[in-house]
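If you scroll down you'll find the structure; I have some questions about it.
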Amino acid sequence: MKYENEKVSGIHIAYIGGGSRGWAWGLMGDLAMDSDLTGTVKLYDINYEAAQINSTIGNNLSLRDDVKGKWRYEAVSTLKEALTGADFVIISILPGSFKDMASDVNLPQEYGIYQSVGDTTGPGGIVRALRTIPMYVEIAEAVKAVSPNAWVINYTNPMTLCTRTLSEIFPQIKVVGCCHEVFGTQELLAAMLKAMKGMKDVSYKDITVNVLGINHFTWINEASYQGMDLMPIYKEFVDKYYETGFEEHPGNWEKSFFGSANRIHFDLFRRYGLIAAAGDRHLAEFMPSTWYLKDPDTVKAYKFSLTPIEYRLKRQKELSHQSKRLANREEEVALRPSGEEGLRMIKALLGLGNFVINVNMPNQGQVSGLPIGAVVETNALMARDSVRPVMAGRLPIDIHNMVSRHVLNQEVVLRAALTKDKSLAFRAFSNDPLVNIDINKAEELFNRMLQNTKGYLSGWDL
Amino acid sequence: MKYENEKVSGIHIAYIGGGSRGWAWGLMGDLAMDSDLTGTVKLYDINYEAAQINSTIGNNLSLRDDVKGKWRYEAVSTLKEALTGADFVIISILPGSFKDMASDVNLPQEYGIYQSVGDTTGPGGIVRALRTIPMYVEIAEAVKAVSPNAWVINYTNPMTLCTRTLSEIFPQIKVVGCCHEVFGTQELLAAMLKAMKGMKDVSYKDITVNVLGINHFTWINEASYQGMDLMPIYKEFVDKYYETGFEEHPGNWEKSFFGSANRIHFDLFRRYGLIAAAGDRHLAEFMPSTWYLKDPDTVKAYKFSLTPIEYRLKRQKELSHQSKRLANREEEVALRPSGEEGLRMIKALLGLGNFVINVNMPNQGQVSGLPIGAVVETNALMARDSVRPVMAGRLPIDIHNMVSRHVLNQEVVLRAALTKDKSLAFRAFSNDPLVNIDINKAEELFNRMLQNTKGYLSGWDL
Amino acid sequence: MKYENEKVSGIHIAYIGGGSRGWAWGLMGDLAMDSDLTGTVKLYDINYEAAQINSTIGNNLSLRDDVKGKWRYEAVSTLKEALTGADFVIISILPGSFKDMASDVNLPQEYGIYQSVGDTTGPGGIVRALRTIPMYVEIAEAVKAVSPNAWVINYTNPMTLCTRTLSEIFPQIKVVGCCHEVFGTQELLAAMLKAMKGMKDVSYKDITVNVLGINHFTWINEASYQGMDLMPIYKEFVDKYYETGFEEHPGNWEKSFFGSANRIHFDLFRRYGLIAAAGDRHLAEFMPSTWYLKDPDTVKAYKFSLTPIEYRLKRQKELSHQSKRLANREEEVALRPSGEEGLRMIKALLGLGNFVINVNMPNQGQVSGLPIGAVVETNALMARDSVRPVMAGRLPIDIHNMVSRHVLNQEVVLRAALTKDKSLAFRAFSNDPLVNIDINKAEELFNRMLQNTKGYLSGWDL
Amino acid sequence: MKYENEKVSGIHIAYIGGGSRGWAWGLMGDLAMDSDLTGTVKLYDINYEAAQINSTIGNNLSLRDDVKGKWRYEAVSTLKEALTGADFVIISILPGSFKDMASDVNLPQEYGIYQSVGDTTGPGGIVRALRTIPMYVEIAEAVKAVSPNAWVINYTNPMTLCTRTLSEIFPQIKVVGCCHEVFGTQELLAAMLKAMKGMKDVSYKDITVNVLGINHFTWINEASYQGMDLMPIYKEFVDKYYETGFEEHPGNWEKSFFGSANRIHFDLFRRYGLIAAAGDRHLAEFMPSTWYLKDPDTVKAYKFSLTPIEYRLKRQKELSHQSKRLANREEEVALRPSGEEGLRMIKALLGLGNFVINVNMPNQGQVSGLPIGAVVETNALMARDSVRPVMAGRLPIDIHNMVSRHVLNQEVVLRAALTKDKSLAFRAFSNDPLVNIDINKAEELFNRMLQNTKGYLSGWDL
């Protein structure tokens, strides 16, 4: 790398899952709009062809006149090739196919267990984790061997266990897990200021929050905008919209599987007094099945949706077509911010501007009371070659209990995956709050799910 | 007190709940059989008459020729009187009436929640705790004011929260909580040696175990008898009796509400690999309702019973009659060991013989990973004016997760009771593994139970 | 307070030690140059007249046309009056007179113990602490009673023990201790960039450092400027200037009692590998007397000075004259930044700009390995009504051992002062690295020093 | 091994340092007097001939009619041979020769540093540790490879660092470090009961103490005998004998280099309030040189001695002669208890009698506040295949500070020895309380000492 006039050239980014559609193009767009950095992005994907198409798309972009950041994109066929010389490693993979995800989500429904996402916790999240951890073991070992000083930025779910696997296998790894769900809650707070106070131009980035918990189940206990304390305003906001829910664009939740009317946000605030900082679809899955995911009617009453796998398959097909159009320049990558903060983090890590943002990292004490080493989500100060968590404090004990149950379950899942121990894995599975069915039925479901994902569980005694 | 020739006279014991039947007579018998100690027992009870009858029974005993330990029994009408000058304080009360207990146990059944005991955890245990904690606050404050140097021995359930309340209110209190459930598991191990190895005369006291967890949900990870490691033998034992269960006197579980065929012991060992160290009736209540307490048929299949309140009421009546017969000397207190270790502890605390026994005490680190200050059950070394826990180590993380959930829930219950916070109390209630019902139904149940126990909840906004 | 257009009016600052000269005028100047804030500063001082003169000086300032921030200054005669309604409390007092300080510094010299400052550690620092702690107990109790929600900013030395006393007496207090010594080391790094790399315009504020340790004995293990890692440059810098020392203005150390040629900085870096982040005068006092403070010749060889009390007395007199001139407007307060960050902190706490700065606060885990609750110095994120430490990590164990010895000694001093326990105080005194003399001689010195400061030790048995 | 009738045969003990004189014969005697155990002792020593002579001595013993425990002794020539099949490993070696020890003790004297023993701390202890740690690395690796389930009992000094090295290299090792110094203090308490209360037949084994600290610098905060609290009696005892000191056999300290009049015991009690639980010779070395080891006159005034190396050399020669006489049966091994508790521990670990005794083990929390993993000395409960520390609590903070300094210094020494880092080793050396000399002189001394012990420091850059 070479620094000159607060610009850096010769940066090498390894992109694991470089054949991905949405995420990869988002990053390409962000890089293209920034004039301070240039270098090479090596795209690695188990689907090499997809990586190649993406390299074409990326290189097309660099030819455009309106693009300020000119990067070279290169598809590579091995992990080692991607990592060699890497300054940054971005990981954004789909662990398994959507068919596997269908098993994660649909099979539990046969047993009366509904999941709105199925990629983080619950039966789907746990089985997905068992499948993903070996992939992350391989990545961690490769980073350790090939690019131990690179910064690794993870985007894959289950976020906590992916990040945790990296730090377990290679404890010195420089890793942050990044997720935009907290931004969504900051946006909700900005929308609240508009709705409650008539303040129109508040950017979510100017909402200061203190975040503590784990990915998709993290909590805000302090929120402010300039001189204003947002907590009492949020209370009024919840009181006003508790029954109806609140959306910036009312009715959106019925049109998009990703939308919601924030009724779970509001119910959790009423019951627990803090602001849960992820979308309702994720939050619902961390609570017992007797709360928000009892059955489709309950889901509808709470104004959110179960994301059907059919939708994901359809969307995948569309993106596949789009990728071809982009490669052929029948269509152009749009130059608008992706909403992710990967680029800003890279710049901070290069010394081009310290900032504070929420990240997922092993707990060094930033969340008091949660185990040291478990991956938690809090704010951190990013600076040159350094990410230091901000002390977030301690959750109220009632919330802590709920969070801790998931944290410890995740640790059990990790250990089960690493030791290929089916009995141990089931102990985690049976202890998930969504697995609220007869223990023997639960065991049957677990066995069927494992059979479906067996192809990824080499060395297990199944 | 006066020491002479390894005997101690002039000891003062305060007995809170001194009108109790079974427990009080047991202690009287134990004291009567020991020639090393004498002194006064002050009996305090909210039922003063019952305390008076017991004082007559106790003093009758001291008149008998076959009695070696001559104690004076005195009924007193205030807590302060009982505690004044006390060297030891024994607490064994019934918090509320059996009618209250009927609400604890029967109301949840209307909602499909079955409890085998209902005094420790589950809806019944939690509501009982809410009722009991104010009584223990009063006791703690009295001990602090009147007899701060006395050793306090608690026998009341919920053991953990009673002991925890004492240490919360008066952190310097010298307190141990005592429970015979671990002895029962040691006896099971002795019976195992007979069944599996033909060893007939093994006393449970010679079975060495390492105990760690919380009262009624504690675990043994090391067990030995002289040179023998009992863990592999237990594995064979479980394999042999897994389906049928095991009882020293087969069929007993169907005759007694307190018996069981240890099938839950065996199932927990199969699933988790450690020996759970309480009776099946207690263990069942700590696991989710989808395991052992799903419905009466499941209970029967696991060969244990739901203790009906009717039985307790009947038994109470019998004991009331017996107490009159004992006071009138129509019947005599039997001189046989009670099976409790209170006397042996008192002797150790007086300097008359160090020994190691399981006790419930605030965690100073004896169970790694559980919160400091939470009341845990492990071995401790008892010596003159000193009880020091033995480092018990760390539970396997999967078991730790289950135990930790209860520990934190107990902390929430404590705080709710101390601050009279109904919403907080419900957060604990709704997080109990037996409360696996629709969250709104759970709230209804909770409200009804609180109404029933309202008389004990002064200052609450109900 | 009132917010309008990102400006705040009606702020109330209580200034304890409001009769001080240098510090008070510096704050007045900083406030005067800032157009975003206005309000009232209440000046409280045991020397009421000095506070009155300062109020005149401050109000004069507000009349000037070139002053943007118009504040009202008011001398008050009680602590309570000052604190009533306070949003911020600034504490900058002289604990005792310079005559007391003469005893702190000169008496130890009779025993061969040399101190370069004598206000933080060593015999002088410890006795000063014993004298100061009761004053801080009084302040803490007043803040608790009168203005519990105010933010307290401490500038007084001994910084650690003053701040620690506040948090001991009123654990919920919102307190930060501020010290400019780290800025000095950041300035040294900026000067290094000029000397070694020809970079002329680097501001110390743009030097990013990770700080961990305790006030006046804190350490930097990461330092960067934009994309540059400053640690290897510092190594070359030390190698180049190890023998001669380095000063921006060579020879300055001989002219000013506050200067140094950074030889102790360099020696500590050579021996320990991290950058000590305070001036040499302070650093020397934390090391054993056999290192840098053996005798005046050693001090001279290391190119720093013992600050004579005569100098301080002379300086005090000058400032006293200046204060009169300022009150009479024979002279005007200069409008230049004081170099302290108090104003920037106040603005951040009001929601007018988050930033990261080093502060002294009770350890919540920001320095791993040091006791929770001890006051440590690290970076913190300042935001609206919030100061959250940044996780600074763990010191190398050899440095940790030296720091820990002082931290624990400070805890002993605190306890001794609170319990007025002379024997305990001597145990801290005798364990200070500068007290390297015969234990009986040490006791004699200690007794003489206590006699001299007796007037402040009410309730002690001396 | 074979159990029968509470006796065990076929035990295999590996004795590392099996050519030693005093210690080996003591163990042989203890084994010979016990009728419950038999088996083989494999003697390994770098001096093979000495091991052979000892095997002859041991086998002679087994031929005697008055010997109940018949063991077979076998000299082996490799560590591996000794450990193969071992149930127990006893380590009692002399790390280096007495010539090396002469350097440890005499060289510092040239610089004015006096040491009474020189094997634990101070310049001598640190250099001895640097020499010994590589030997223990070798032993730890061999135990890990050959006999990972064996119990290892260490007797070698420096006790803490020997034990610590074993647990660092092989964390799963089952190790206890045993030392009789606490017994000596228990004997002092027994003697006190005789002197103060006329109680003649008290055995030190019946004195119950709570011990906490590190080997040779551990402390007693509770002591009792039957119903008596010994702490107030000790206070009177100290008051009575503070000036004169106390010995059971007055004047003994002048005749034996190992005796003392306990004046340091008494002075530490006066100053700190707890009973230091090691001999004065050891205690003196943990305190700054300005206390008890200032010069020979001070030593004499405190009524203890500097053990001259000449004495050790002379004693070695005598034992060498004795060993030949024993091998030739010109003399017989005396059958009297050695005063060590190794045999009793072995029996407990075999399941033949649980008991509580002080041991050195990695801290799991038994001493609150000291680092987890550091080797500390407390009571422990020994049972079949199990040693569990008793929670000893927390030292008063002033004593904790002194102990902690040594604990952390030991950790630095360990790291320096493992990484062969001379600079790091000097940082520990220069931070020892006895190294109170000019820092440059200290460096010179350190270098000279390292040169003298260079033969053991392979791989170091000296």
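Letters A, B, C and D mark the chains in the order given here, with residues in each chain numbered from 1 onward.
Criterion: a residue touches a chain if its C-beta (ideal position, glycine included) is under 8 Å from a C-beta of that chain, and two chains touch if they have at least 3 such contacts.
If you're wondering where the values come from, they're calculated on a predicted model, not measured in any experiment.
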Following contacts chain by chain, what is the lowest number of steps it takes to reach subunit D starting at subunit A? 2
Most widely separated chain from subunit A, with each centre as the mean of CA atoms: D
Euclidean distance of C-alpha centroids - subunit A vs subunit C, Å: 43
Between subunit A and subunit B, what is the gap in Å from one C-alpha centre to the other? 46
Using the contact definition from the top, classify how the chains connect: line, ring, star, complete or other. ring
Provide the full list of chain pairs in touch. A-B, A-C, B-D, C-D
Sort out for me which residues of subunit C touch subunit A in the complex. 3, 6, 8, 208, 210, 222, 224-229, 350-352, 354, 356, 364-366, 368, 379, 381, 383-386, 388-393
Interface residues, subunit D side, partner subunit C - complex: 271-272, 288, 290-291, 294, 369, 371, 397-398, 400-402, 404-405, 408-409, 411-412, 415, 423-424, 427-428, 431, 436-439, 442
